[in-house]
């Protein structure tokens, strides 16, 4: 079965759900699930609709064109995607392998509705992992003073592999605006700390010194401001005085891979919309 | 603002969302939130719609009448309720007060969209709690061999107080079909154990002897079969070998009151539908 | 059964456990539970011993005196308390009642090994709650420019009621050094936010604007630096884009009362030691 | 640093902690951590002591011999193990790989204090995974009517690889007493269901039909009675009506690997004692 996901937001006026469901009905779609949300801060209306395309009465071009008219009528921002047009992702890593293995395995189990086009790293350490899952591995070292050149090479690799979104699976380089702007709201990072506390380096050491009783991890979209992009997923795990910094790091691995995977799944399935500094993550 | 909740289920055919949203639109309602669900076991479609009634074009009688026509067209089972027609609940207790206090306080905080009409007990122990919250307390003792008479008296009390649903807040009597059938899918119980394990008496002692590492509680609708009605909410809490039976009971209190309160909130807000032995609990 | 709790810390040298257990054995005590901990930052050794005093061979004065000798030998800092010398606590509140009810009820269930000597408030709002649990209520208003005078009056009340530690159960006044220094590491506060993020005012509004996916609460000892004292307990609860600020506040109530109660239980039972900015919380 | 773990249980009489700590002190050991526990059901005392052996005054043979004398004096059951005598484990699998990958990776991160001697399977499906981690893989098919022969072959393989404990990482064969008795309390299984509910086959289908709101997994020692051996670790994850059986299976994978890994870590580190049908799992 081919299905589609329509995401839109607009001013909160009467009749949006009716008009959208009529649009889908009249084009032969069958709504499987729909979710709505109104942002409290400025009364903006968000809608996510998942519909069956088996009996679609028009071709996709026509559907998109008619959607434009509906969008114009209500000043909607819309996005439409189809389940058989799978997105391609790149996974960026440095030397830690836990998030990489986790993404490979979840992809194999069919949990992620996207294809892994390439693994890219500033080190060669994890080439063997990509190889064992039959995914191309590209090494792009980042030399002192050579970050710009490296990012240009990375962009070339992403174009070559037709990459639509990036997953920073503990990639230890800060991205410049060149990459961030090329993939706006399409770069997912995992921060090994419970944002907005403990920004920056060595968050587990900071956590130990503060004697926190919970540690956490946060997945978020990358924006120009370091570790401050829209949060997608967060999770914490209980710790005590008896945990060493090494224990925190070990417990942190489990949380990091979990919040990253959930963000990747939601992004791949088209369940995320970004508004202001917040994400609306429609439910699975 | 007065709003309404429409719940329905029917065979999963094309156009339900469209027809329901058109129905609401054409009668002047404005959809605030809507949720859908299709049961996997037999492809039955469920829908929950919350809509603003400020600009309703017809009176409620007419709305209900027109809804009947729509329901007939799709062989729908429907229920319609309005936010200003608050339901009235009775809380049944024996001697434990933790769930009772919790419900009183949540009601005071505005978390429960229903009114507490009466507290009824087979003991007099908790009369002072009801009094401190200014709610009528009725003592209906259950004598040996007198359960039938007691339940008839209870039904009389519920009628007098116009009670629409019952909350068994650690009420330690098993109900007979007389009461259960009078309030079908409208009696909420909390079981102090993680059903379906540990049915029946002294679940915390059973849990200790089995050396479980989690204990839990379950809220569910009461049916003829003991502790086996449709589950509404469940939760667990971590325990270890070092917890005594008394510790388990103490930890259990926190879980019991939480799962009971969540069930009461969902029921009061009209967010629950029952199908087969499962509940569909639409999200808050 | 009367039991005692001995807490100590000292440099981590060989034979501490042996010498402490010999000390208890030779004085007729029977160890029920003991826990040890070595701080990673500077190799300091912490020990907590719970022992049965039924067959104690000496009186408490002699025991304390002999303990001093042992402490001198290893340069230990020690504290010794007996289960029949219950501590007395004061609960400070403003207008929110959820933590107050929770502490009263847990005290009634026997979960807190201390007595509630007095409830003190800068408002009269919650007098009726204290009354319904038969605990003295004292109203000490804090007038503009009169904080010093108010704290002096508070200290007088605490002396009168022989108060040994203070619980700020959503008390909305910042304490001055007068009170903080009088009850060093004996004032427990609950912060309605997941420290160290969102310090200061309106943390739930901050959380909403950041679009966090978890909210939390933190209980900690009060020190001169606002909301930065040693953390005792923390907990988070999952939220989503669909939760309003009011929902966050409501969910927050449950977490606040839980982390405050756990801190009070641990403190009352003598299970907490403070070192640097960290707490060692021995397990129940 | 070489360290040792001493585990013992005996009748709960005065002076055990003192005598054990004296024993260690007098032999030159330095206690790093010690935990005690008294079983409520019959007042049996359990103790776990982790001590530094750097300055051990005698050889291990002498230490063991002297320990026997202490054990005889108090009718203790004791076990003593040294950190440099690492245990060897076999992992048994069928076709699911999630637990296998998880154990390999945690072993690589140093989280498991044991060596993986061999992976054994009734299928060849996962040979490549063992190969990619450089661990021997042995295929022992279980033919109809040939279970006894297969288990004899398995025992031979385990002897050859000097295997001390077995981990059933979703191994889909029921073991006979031949294997179970050979590795009493040394076979760890993960049950994909929250025991003691949903014993036996297809627990996720059972869970769906019951409409449970939590699913879980349980790791336990294998005994003659199916899925009823002493529980080591349990965990649950929240589900709703909207999760399909496939979703439950997917969520279950995460819980299964987590509870299995925690059981393996605890067993490898010598932190588990079994008594009656309960486990005492000393804390990390």
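Here the chain labels run A, B, C and D in written order, and each chain numbers its own residues starting at 1.
As a convention for this text, contacts are C-beta pairs under 8 Å (C-beta built on N, C-alpha and C of every residue); 3 or more make two chains touch, one makes a residue touch a chain.
Predicted, not measured: the structure shown is a model, and the values here were computed from it.
Each chain gets a centre from the mean of its Cα atoms; the one farthest from the centre of subunit B is D. Between A-B and A-C, more C-beta contact pairs join the chains of A-C. Averaged Cα coordinates give subunit A a centre that lies 37 Å from the centre of subunit B.
Chain geometry summary: the mean Cα position of subunit A and that of subunit C are 42 Å apart.
Of all residues in subunit B, those that touch two or more other chains are 37, 242, 283.
The touching residues of subunit B, counted against subunit C in their complex, run 97-98, 101, 105, 109, 111, 128, 132, 242, 247, 250, 253-254, 258, 283-284. For subunit B in complex with subunit A, the touching residues are 14-18, 21-22, 24-25, 30-38, 55, 283.
Contact residues of subunit A toward subunit C in the complex are 37, 39-41, 194-198, 208-214, 216, 230-236, 240-242, 244-245, 276-281.
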